[in-house]
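The first chain written gets the first letter, and so on, giving A, B, C and D; residue counts start at 1 in each chain.
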Amino acid sequence: MILQWNELASIKRELAERDWFPGTSGNLSIKVQDDPLQCLVTVSGKDKYKETLEDFVLVNEDGQPLTDEGKPSAETVIHLEVYKKTDAGCSLHVHTLDNNLISDLYFEQGFITFKGVELIKAFGIWEEDGQLTIPIVENYADLPTLGKAISHVIEPDTKAVLIRNHGITVWGRNAFEAKRHLEACEFLFSYQMKLLHAKAANLKEVIKNGSY
Amino acid sequence: MILQWNELASIKRELAERDWFPGTSGNLSIKVQDDPLQCLVTVSGKDKYKETLEDFVLVNEDGQPLTDEGKPSAETVIHLEVYKKTDAGCSLHVHTLDNNLISDLYFEQGFITFKGVELIKAFGIWEEDGQLTIPIVENYADLPTLGKAISHVIEPDTKAVLIRNHGITVWGRNAFEAKRHLEACEFLFSYQMKLLHAKAANLKEVIKNGSY
Amino acid sequence: MILQWNELASIKRELAERDWFPGTSGNLSIKVQDDPLQCLVTVSGKDKYKETLEDFVLVNEDGQPLTDEGKPSAETVIHLEVYKKTDAGCSLHVHTLDNNLISDLYFEQGFITFKGVELIKAFGIWEEDGQLTIPIVENYADLPTLGKAISHVIEPDTKAVLIRNHGITVWGRNAFEAKRHLEACEFLFSYQMKLLHAKAANLKEVIKNGSY
Amino acid sequence: MILQWNELASIKRELAERDWFPGTSGNLSIKVQDDPLQCLVTVSGKDKYKETLEDFVLVNEDGQPLTDEGKPSAETVIHLEVYKKTDAGCSLHVHTLDNNLISDLYFEQGFITFKGVELIKAFGIWEEDGQLTIPIVENYADLPTLGKAISHVIEPDTKAVLIRNHGITVWGRNAFEAKRHLEACEFLFSYQMKLLHAKAANLKEVIKNGSY
């Protein structure tokens, strides 16, 4: 378990450096064993910009703590749904400005699709016309309901789900892959926001007509 | 007092890393005792990106220095008003681009309200339809007048007040809570600015009509 | 070879601090000898925010690895084309939001030209009416084709090529010059995006008419 | 001289952390003695994100090097004009996106004025209706001409001059004050850009009419 603890601590440190845990938000987990499912998950309500010896707690498949580091994150149920539905070995949930914006702007559509952008290769999509789709679900206050809603939209090739005005849940077979997916998602979201504003401002016309 | 000094130094260091003290702006305080009120407050005019042994000075309920580290911040009066009106144990005042923008754009309205955004949970608001309101006051050059204006708008559930084109004053029962509130406020302000620009640029229409 | 390894490691570290390797993207190389051509290039698929003893692998002029640190980046072919066509001693390929945006907005035009901006001096252009042109090529999924497309647009004074929705390839006679060119390009791209939005929003009129 | 060297090295380190020296741009100086004038100035063409023992060179009032650390910055002439015209003890010249934008957008007007914004207090302006004016000059390629143009617009209360599409030159009686002025300028420029875009996008109307 020390290996998984260290991997999760390393990811937590890197995401903290990116400022992705504002106001104690966000939660992370890593699978420790499969059958029965056990995973390490961040302790509830802590300042994730700091590093302590009680950052993570081991929970079982029902989210019950197996060690006494502290109370598991209230959103542990979401991580468990991901492990039950996919081959994920690590699951990350963070709030950023751009993942919140995308979740709001594309909510009616129910998903966002990326194609023709190099960074989708981070999801193993190398075909010239390949595409990446990320579903978006309502932000149910009741967390088991939210967990089920997320589970419901996961298709075999899904690697991430957006929650409206709340953030992203993203995973990978291991910690390395989960972090790669998360970094790529955030790049794609930020790029999409900039493309949308460029389109809205008609920048291609500005370029054609102007001295710029 | 060494405990409170260290807590305040730790918060100052973290906010400095976020670049929230441009041009020596900003001031911080932490309560040391209640009756009579005493608190540590940042010394006036120092570069808060640097750490020294004279960063804070102990003041009494009238803002008079009780130690000789230096002159207390001119805005100490604001911190004292907060301690007298609330159960705050720590109070933070910083200038950021987005808290200045929000204070300017919503000044006529006199407040800004957030609802339906996950980060309001950082203020202990967990209800599905819960909301957070932050009052905005005029930036009186006379600091006792400004202090009174801030005190005047504080309701029992107020955790932060914006000053027009000046910055935010935010507090919590302790240093941990004050920082959590501040981080959440700044996320909410930045997100609101991005939502407003998305709305102004009609991005939902761009999404419906365009190839993006 | 230890000198070149260390120079490349130093640049990798600096670009990582700028967050220019999202989702394991980006690749770097440095020339070790000229005839026959050998260069150190980043190993494929690694997290470039981390530093290891297997970050780079030596390849020959055909891109074949000469040491066993790992598989060379799939885009090694692009670096080799640059070394064959120019006097480059170091070549850098990174994905940023603004280099992607510029590559998209100016793709139809096939290039972007900068003049009247101080930072073009970083390319040795000191004349009052000097200008810098950066060609933009299609993002062919087939990497040898992409390499040829890049080679095809390189003129004697070309120092960088943009790939549509993919990123920039930039070089210099040595590591110092390559990094200087890259930093200047990214500043110029970000500035151009801000100028375009200022133009689209008609900010000069806002200034003339308004209270701002 | 070791004191001034260390003060300048400290400022260089802090500005480097802010990424204000892209593509080897920027130059800094500090006065070492008054009559005859001598100052330490950054050596030309170096990567200012790195720290070496040859970062600064002592020059006389004509800009001639008095030590052999290297060639003084080509823009040393600007620093000398500032020392001759003002009581400056330290002068800083950096390129940022927002100081370039402001210098471009307000160039026809020839200056930019800030009032009603708290951060002008960093310039010692504490009156309720106080204001700060920063002149903007053409970016003459001939550096002595540029130096004279800057000298020409300096009034007794001037603390900074913008050069069109080039950057800012800002000073203070000492290193501490120069840095405080620079940080405040950059905050004010960034805030002004955001205010202009908020005005152009009519955000106050969006707030009044919309659900946001």
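In this text, contacts are C-beta pairs under 8 Å (C-beta built on N, C-alpha and C of every residue); 3 or more make two chains touch, one makes a residue touch a chain.
Each chain and its UniProt protein: A, B, C, D = Methylthioribulose-1-phosphate dehydratase.
All figures in this text were calculated on a predicted structure; none of them were measured in a lab.
Visitor: Please state whether the interface between chain A and chain C is built from the same residues or different ones, using more than half shared residue numbers as the mark of same.
Guide: Mostly different residues.
Visitor: Average the CA atoms of each chain to get its centre, and name the chain whose centre is farthest from that of chain B.
Guide: With centres defined by C-alpha atoms, farthest from chain B sits C.
Visitor: Measuring centre to centre with CA averages, how many angstrom lie between chain B and chain C?
Guide: Result: the chain centres lie 41 Å from each other.
Visitor: Any idea how many Å lie between the Cα centroids of chain A and chain B?
Guide: Computed value for the inter-centroid distance: 29 Å.
Visitor: Note the residues in chain A that touch 2 or more other chains, in rising order.
Guide: 195, 197, 201
Visitor: Identify every two-chain combination in which the chains touch.
Guide: Chain-chain contacts present: A-B, A-C, B-D, C-D.
Visitor: Please output the residues of chain D touching chain B within their complex, sorted ascending.
Guide: Residues of chain D touching chain B: 14, 18, 116-119, 121-122, 126-128, 176, 179-181, 183-184, 186-187, 190-191, 194-195, 197-198, 201-204, 206-207, 210, 212.
Visitor: Applying the document's contact rule, which stretches of chain C touch chain A when the two form their complex?
Guide: 19, 22-25, 47, 49, 95, 97, 100-101, 104-106, 108-109, 139, 141, 163, 165-167, 192-193, 195-197, 199-201
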